Each structure stands twice: as C-alpha cells, then as structure tokens.
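Naming follows writing order (A, B, C and D), and every chain is counted from residue 1.
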C-alpha cells in the first residue's frame, strides 16, 4: 500500500459566499495530492503525458463531513491500496488538525493519447509502484 | 418527479491541458443546473440563503463516460425524484447532442445558518416542490 | 467600431468569502464576452485555434468600481474600436442594471501555433471585421 | 520597501487548452503572494477580515511576456514600495528560472466591513509595515 500526505493552505479564490471551500475545489486539491503521491513514487505525471499517456478520471466520489475555511492549513492523505491494472484508484482523507473534513475516491484509466484507447498500466509505472507492495 | 434541462457552453477557462473540461468543473455546472431547477419550481436559492438557510453538499458522485471540449454546447438534465426531508437529492445527466458525457448525484442538507445545525426542509420549500409530486 | 452585449448570471462557485465575485473571475467573464463578440462577427474562436492560430492575452487591465454578488445578472459590453493588426484590443464595461461595476481592456496577439511566432491578423478575420468599420 | 518571494507549482486545473496557465489564474497566484507577503510582515489577512476590515482589489494590471506550463515551479516576487494610506499597492514579477513570465500591479483599498465605507490603513497594520521602511 502507498500512503502520502500533502499539505495545502486554502486560497481566498477557493472559498465561496458561505466562507467555505467551494465543494468542487476538492477535485483540484485531490489532483495535487495525486500528482505529489506519484512524484514520491518516482513518477512525474507530466512526463507520463509527454510520453503520450493520459490518465483521465472516470469516477469521483466524495463525502463531506465538515467544511474547510479560508487560510486553513489542510492535510490530504492519499492512498493507493491496490496495484493498477487498466485502472488506478486513489483514496483521500482531508483533515484540519484532528478533524476529518471529507473522504473521497477517484478512479482513473490509462489512455493512449494517439489512439484515444484505454491501455494497461505501462510497465515502468507498474515496476515503480510494485516496490511499495512487495512483501505484502 | 421534477425534471429540468439546463444549457451551457464550455468556457475556455474550464478546459485543461488535455483540451477537456477539467473533471472538477462539473461541480460548478451542476450547481448552476440545481439552482435553475429550483428557480423553475419558484425557489430562489439566494433568497433561501438570505432567509438564513444554507444548503451545503454532503455527497457528490460522478461517473465520466466521455469528455466535453471547448465551446461545446452541453445539456444537463436535473432530476429531483423524491420530496426532500432533512436532505435533498439531485441527479444529473450531461449530454452533448445524443452522447451521454457523465451522470452524477449530489446530496444536500438544510442547515440553519445561525445555529449551524441541520434542519428539516422549510415548509414553503416543501409546498412548492410537492406540487410536482402530486398524483404520482 | 464593433459593440456586443453579453448577459451572464453569477455562479456560486465564482463568489468568494466576501460574497463578491472573486476579482480574478472577470478574466473568465471577459473571455466569454470576447468569444461571443467574435461569434457575432462570424468568427468562431475554436475554428481559429483548429486552423493553428492562437490568440493569447498579453495585457489585461481592470478597474473595479463596485462588486457583483451571487445570482446577479450582469451585462458586459464589449467593444473593438480599431481594426486589428498583429494585435487586437477589446474593451469591456460590466453593468448590473444601471450600475457600472468595472471597466477593462485586454490586448491579444495572433500567434502561429506551429512556429510559436507572432503573425499578422489573418486575411479572412480582417475582412469579417472590416465590414463593421466601413464608412467610418 | 518590502520584498517577498513566493514559490508555487502550477496545478493541472489551472492550465487551459493551450497547455498554458489560464491568464485569469494569475489573479489567484498574486492573492497567495500578497497574503504570504503580509504574513511575513506579521499581518494575517484572515485576522484583518475577522476584525471587520476588508481589502478589495480596485485595480489590477498585468503584462504577459511568456506562459507558464503545467507542473512548472514558478516564483513570484512581491513588492510593497510605498507605505499604505487609504490604499495599498502590491507589485509582482513572476519568473520560471531566469525567465520573466509577467509583471503586474494590484491596488487595494481598506474598507470598513460594517459600513462598507473606505477607511485609512489601520494603525497596527501601519506600524507593522513601517518597520520595513525606516531609515529609507
């Protein structure tokens, strides 16, 4: 299992009239968390795209328990609990201090940019991720 | 059952490097669709807030089948299939022409802004919505 | 001179903690206004890009007089007061009812996507726009 | 004179179809840079708002020289070159490595949230900032 923690501070632009982080902005936070998790595993999402592999989100589910406010420092814990196949799932928990603000999952698929077709997880990605699952 | 259709055109700002609408931006589109659906039922979300009632989203789930692109005209069909209680659910389908791009649900709760506590759906909202469920 | 009016309604996502439209979101509104102004002149910005011509903004200046709020219906008047050369300027005024909320200008340049080099305004764009300046 | 440097990494959500940071998103970057500059001077923008003082932007001008791309690490240098009065000006330069991407200014005014009226810069803000101008 892969676990990574990302720290973010809420920007003014991300709040709404209620003074909360707008519910749709967590998608952006999770993208940041996901990219940093992959980077910690030695995978740069940008180089993946430069190599002609896209990774669009096909499923996003989030349950909100409490709002984040302007200038809050929040902490996103990202988990990859299974090795990818044609699909890769990320799980997220957002905290402010000890308070769990929300939890979410995203499913992404590997797509060959040239053909637009789904593909299996590339071999070098798989070998970089599998290190974290050995012995489990 | 309440059904309402909202038409939107994709803005440049809403696209990403893949040329697609960024996956998080559908949350904004659905907010527009939800507000227009309520307006069609005689309910202004702004006046709800001005009356001290908040309606935060507590659950958002979306499944993406195909992307929308810049300048696409998209059509969101919003359904309220059950009368609200302390919670109200909206269901969405996004189409471009005949192509179903995604489907989603949001659950929202009524919250008393002064106390921050959940509350039941206010009586006048309920009576405006119940007209659409009579005889079903 | 070309004049075009665009009507927009403020989305919840576009407001901030002050309850105002976040100051950066007018850039998006002006992009919508600009694209609709060109469309009214027979020019689709998307087809321009599909033909390998980019039109990045190189200068943006806005003066804010009053804020827009959630659910406000605002009206953007866009003007092109000079025929383009290598550059095209758009001027904007945003009103809510009779109240002038802000005024702004953007300068954009024509860029050949393949070479990344600036270019003069393409001939067919020029001829579509010049109709509106004849006899002046 | 006050000078502060802020480091940011470009998020996927902030790019557009050209693969560049959308031109309007620099407003958000500059807000982050401005808030961090004030924080470095001992001023928390949030506590300012909590004390009933708003600081809306009334003028924003940006000149773009080169785009930032996805995953770029950018550096914003923020300057306050004059002590505030009823107004405070921030100047920004955005670099990627040695390349100057853009430069900008924002003018903000102090507003009493209760009355909605402009006010002079509060005394404690002035004294915190003036330390950096002494001896000049």
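Convention: contacts are C-beta pairs under 8 Å (C-beta built on N, C-alpha and C of every residue); 3 or more make two chains touch, one makes a residue touch a chain.
All figures in this text were calculated on a predicted structure; none of them were measured in a lab.
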| task | Go through A-D and B-D and name the pair with more C-beta contacts between its chains. | result | A-D
| note | By Cα centroid distance, the chain farthest from chain B is D
| said: What's the distance between the Cα centroids of chain C and chain D, rounded to whole Å? | reply: 25
| remark: Cα centroid separation, chain A vs chain D, in Å, comes to 29
| request: Between chain B and chain D, tell me the centre distance in angstrom, where each centre is the average of that chain's C-alpha atoms. | output: 34
| field | Per-residue multi-chain contacts in chain B, two or more chains | value | 12-13, 17, 22, 24, 27-28, 31, 49, 70
| note | In their shared complex, chain B is touched by residues of chain C numbered 11-13, 27-28, 31-32, 35, 44-46, 49, 70-71
| request: Report the residues of chain A in contact with chain C in the complex, numbered from low to high. | output: 12-13, 15-17, 19, 22, 24, 70
| message | So in the complex, the part of chain B that touches chain A is made up of which residues? | response | 17-18, 20, 22-28, 31, 49, 54, 56-65, 67
